[in-house]
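Chain naming follows the written order as A, B, C and D, and within any one chain the residues start at number 1.
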Amino acid sequence: MKIVSACVGVVVALLFLVLVVSEPDQDIVAKSPLLGQPAPSVASTTIDGEPFALERRKGSWVVLNFFNSTCVPCINEHDLLVEFAASELANANAAELYTIINDDSSDAVREFFTKNGGTWPKITDDNGTIAVAFGVARVPETWIIDPNGIVRLRITGELSAGLLTEQVNRLREEFVS
Amino acid sequence: MKTRRSIWLAMFLLVGVLLVFGASRSGGPLTQQDRIDAITLNLACPTCSGESIYVSRAPASESIRSEVARQVASGLRTDDEIVSYIEQRFGGQVLLVPRASGVDSLVWALPVAALIFSAFLLFTAFSKWRTNKPTSPTLEDEQIVAQALKNQAESESK
Amino acid sequence: MLASAGISGTIGRAFLLVGFIGAIFGAFAAVAGARRNDQQIIRLIPRFATLIFAAAVGAFAAMEYAMITRDFSLAYVQKVGSWSTPALYNFAAVWSALEGSILMWVLILAGYTMAVAIWVRKRMQDVIATWALGVMFIVCAFFFLVSYFPADPFALGPPGVLDGPGPNPLLQNHILVMFHPPILYLGYVGVTVPFAFAIAALITGRVGEGWLVATRRWSLFAWGFLTFGIALGSWWSYEVLGWSGVWAWDPVENASLLPWITGTAYIHSVLVQERRGMLRVWNISLLVATFSLTILGTFLTRSGVLNSVHAFSESGIGAWFLAMFAVVLVVSVGLIGWRGDKLRSPGVIDSPLSREAAFLANNVLFAIFAFVVLLGTVFPLIIEALQDRQIAVGAPFFNKLSMPIGLALLTLMAIAPVLPWRKASTETLRDRLFWPAWCGVAALVASLLLGSYGVAPLLTFTLGGVASGAALRQVVLATRRQGLRGLVGRANGGMIVHLGVILIAVSLGASNSFSKSQELSLVANVEAQFSGHTFELRDVVEVRDDRSISVKALVLVDGKKIYAPAITKYTRIGMNVGTPSVRTSLTTDIYLTLEPPVRQDSNEARIKVFIKPMIMWLWIGTALMAIGTVLAAFPGRRRKPTEPTSAPVEVAKS
Amino acid sequence: MSENLVLLVQLQEQREFLLKSLRDLEQEHKFGDLDDQDFESLRKDYVSRTALVIKQIESFNADKQVPQQEPKQKSFRRSAITTLVVLVFASLAGWFVAAQSGQRLSGDSLAGSIEDSTASILSRARATNFVDPKAAIELYTEVLAIDPDNIEALTYRAWLLALISRNAGDEVKQLAFSSASNDLKRAIALDSEYPDAHCFLGITLFRLAGDPQGAKEQLTICSAKNPPAEVKGFVDSIVAEVDAALQE
């Protein structure tokens, strides 16, 4: 009897310990099984009907931004993306920025970009195939893929100022092609 | 009494035969929808707590559901491969069925071990209670107890 | 408008403070009165109970007033209030988020405290009652404090807000939101009463059977409401959530199931203690477990630790509940250890084939069941703490492990009701189980004729047949001896509850194993076939009001009646909610949901059809359980609990 | 309360309970819950237990002594071994259930299907392109063995071939050119939208075959199709030369 109660006591104490230490952690640079792996081969079209195949962008640094025009963090980070796209234009080894539309209508996205700027391609993602291929559950998410088609970085949640440029430059130096 | 016993025996036989018959019966071939349902029941919605893709109506779940449907329809992958495709993209937290290996398997093993161990404890408790029995009472014992019973009845009737 | 702004906040906080102080004073009065046995102090206790109840009512009314007048100066109203919410849902919005639900907890707890104070007012010289009230006052004080500090519903929000999003869309599209949470809370909070008496018995050292009998009806009351609340939740899940299921094993559901499991174990094992003087420590432990599981469940679901991905801790409430959990456990275990000498039971079990042995087995199974649910719920936290890795444990795990436990419990339900106390011979068993066993065979044959297959569902039906035969046998014997009075009382009402449970088990077995589903892409006015039914899309219409846009697909089922599954977009929250449409009958439900994406004025729609057998019997079983619980609590002319199971009831002794 | 008094209270409680049980027993027998044999053995059992307790109480009252507790004869070692055996058995059963019910997924990485495995070889080839062109060519050939129509492998193998044979003798150059241009044309035939193939065909035509006309044509298509940055770098460096050659 005493042994049983001692066991129960220990278990409860351990449970208590686990509960005390359990705390949700939040990292801006997120983990993904895809990091260091070839990017999933996804293909779709832009909202203007141009074909888009991620494989065909090998040779460039590619930045994918998963986006929904009603999500508040997406709206908040939009100016940073516009800034990033403009700053990349000057770069010889320019990163290409693509918006992947997540669960949103093309019209709403078009309207949003006309109003807020941003001329980079907007890729439709019917049924969320691209989002699932990258394991994107909640927008915004930003991914960086190197010129060899290897996934290098995943950023979940809203971007902070300068983060994207900083990370792209760091990666460009680290993985010189 | 003999007949009762044979009726019971017949009943057990009948139930056994019927159960075997029912178990060998099948519910028809699996449709694509059955496969989709089976897969999505074992995958967790990545944005909600504890719900499966099958249950959840969140946008991410809709996407995963349609991806599963697409892969099932294409017929190139088995159910396990589709599950592992999703798991490789979204990470281990989308597997609703805990793994059979590593620390994760404890969640399966502990309840079973606890059940067996508590059944053992119950068994030892039973046997302990039974071995406590003293031998049959003497005449003196009977008298003492009869007296005590009488005393008690008297004190209650007051 | 501005004049009232903030007023209800101030008043509400004042009420909470008064309640807290009242509870503290009440606790002091109870402890002091009980220790010195000072009747003058003790006589004050009911007044404190009345005071805290009045304070809780006041605070709740202030919240309702703020919600109804849309007082957007309060952060809580900003969060869940909206001018566009209809009055009914606006009323229910008060308990639709964390702070409000704690407030409701406070109200119900204060209500229980007052009810107990009234109940024991004639017996106030009995120190057990005083101590029990003291415990209740302490728990009240804790909840008033939580409501005053970390979960303050009256906190002011940022100024200048004129309208809010309204409650979560799932909480404003079905009338059940009015009933499910309050009823569940009545059960959840009601557990406090028997717990308080258990602690009081430990403190006074009078751990005999007296206090058990005294709180029997309170336990039954709480258990009944918990059962009914959980069942209503399942119904809600079925009617609102649109996945055609009743139970998803998500952490919130598990949190309500855990105390139910230990509570059910308790109302069984307490019979053994009453009758055979055994299991004293065990029963007290079950009560402690039940109460602490309500606290733990609240911690798990309200603190955000379990919403693994993108979790957000809204407030510091988690630490409060964790501390309370620790205090409850340490105090109770300490008391049990202190009173260990008095908790030694005089009785022993005479035979493993007896009613008390069946109850013991029942308790082992319920304990394992609770362990499974608790382990599965907290396991992701354990893995995260050990390996910093995220995993999920979900429905497939719980289903797989609870199925054998359920079957084992059904087996016990089949045998235990006919077992006599102390010792049964196989002869008795063979004799009494004869007809129930044939009921089982009949159920098996019938289910096979209807096309069932698979071992687990067939075993469920067979055991269900035997168990209902056994239960019916008891009811028939009781009514034959006593007429309609044979339906009331604990043993007989319990059998009605058993019948309800069996119906639920059978219905779950059937609907889980033999459901069919198919997604149909319907085109207007073209019939589609599935599983012997025809579905024809008539129209896709849009309905707008000022909080939502709803797209409905009008589907003609079997050429008879039009059903309208819908998807509603709640524009203020930006959330889509699917509303299923169900054709219910005694045998089969046809459950239709509209699948996104949808467009209005389209002549196409994707409809998911679920054909689910026997769902209706789930609700009938629930109703039977509710009726049985009421009958069991009914103060009818019962056999004394110490009488043999086969003894006739003495009629007209009065 | 002293130890002795506690014991006395316990004994009295036991006596009350046992007496009550005896009366219950009679009742239960009367109403047929117990058969004669069971009743007799249970009754004997209860009677002797009750008698023992009563005797203990009497002796306690007589000399105020703690009644002798019956010594517990329990082999600690035996029960420990039994417990251990059961524990081992329970863990084995648990492990078995876990192995049966837990999720088992094929342990391999993202390289599951053919599509995925070529993708991983392709990215390896990519990474070695300029470090070790020969190894990269082998990797591309490997991809083409799996998937003969893989446009990227066709294009890049041809391009690497052209690159390494640039400084070779004319004969080798000629051979390399015909092989490379065949592959590139095949890639273009398979997917005319792939910019890289056009770009590399243009460069190859100019560098290996000395055909500025054809080169210009391909390079124009290439530029129009928005080639990736790396390829664009190659093209930009050669366009001026091609234009100059055309001027002549």
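Side notes on the structure shown:
Quick note on the criterion: contacts are C-beta pairs under 8 Å (C-beta built on N, C-alpha and C of every residue); 3 or more make two chains touch, one makes a residue touch a chain.
What you are looking at is a predicted structure, and each value in this text was computed from that prediction instead of being measured.
Pairs A-C and C-D differ in how many C-beta pairs touch across them, and the larger number is found at C-D.
Centres computed as Cα averages put chain A at a distance of 41 Å from chain C. Distance between chain C and chain D, defined via averaged C-alpha coordinates, is recorded as 36 Å.
Each chain gets one centre point, the mean of its Cα atoms, and the points for chain A and chain D are 22 Å apart. In chain D, the residues that reach two or more other chains under the touch definition are 45, 101, 109-110. Touching two or more other chains at once are residues 42, 46-47, 62, 88, 91, 95, 97-99, 104, 106-108, 110-111, 114 of chain B. Of all residues in chain A, those touching 2 or more other chains are 33-34, 137-138, listed in ascending order.
Judged by the touch criterion defined above, the protein chains are all mutually in contact, each touching every other. Residues of chain B that touch chain D in their complex: 42, 76-77, 80-81, 83-85, 87-88, 95, 97-101, 104-114, 116-117, 120, 124, 133-138, 140-142, 144-145, 148-149, 152.
Residue ranges of chain D in contact with chain B, taken from their complex: 15-16, 19, 22-23, 44-45, 47-52, 54-55, 79, 82-83, 86-87, 89-91, 93-95, 97-106, 109-110, 112-113. Against chain B, the residues of chain C that register as touching in their complex are 241-243, 245, 248-251, 306-310, 348-350, 352, 357, 360-361, 364, 367-368, 371-372, 375-376, 379-380, 383, 386-387, 389-397, 401, 430-431, 434, 437-438, 440-441, 444-445, 447-448, 452-455, 458-459, 462, 514, 517-519, 576-578, 596.
Across the complex, chain A is touched by residues 109-110, 115, 119-120, 122-123, 126-127, 130, 152, 193-196, 227-231, 233 of chain D. Within the complex formed with chain D, the chain A residues making contact are 33-34, 37-38, 41, 51, 55-61, 92-94, 96, 147-150, 177.
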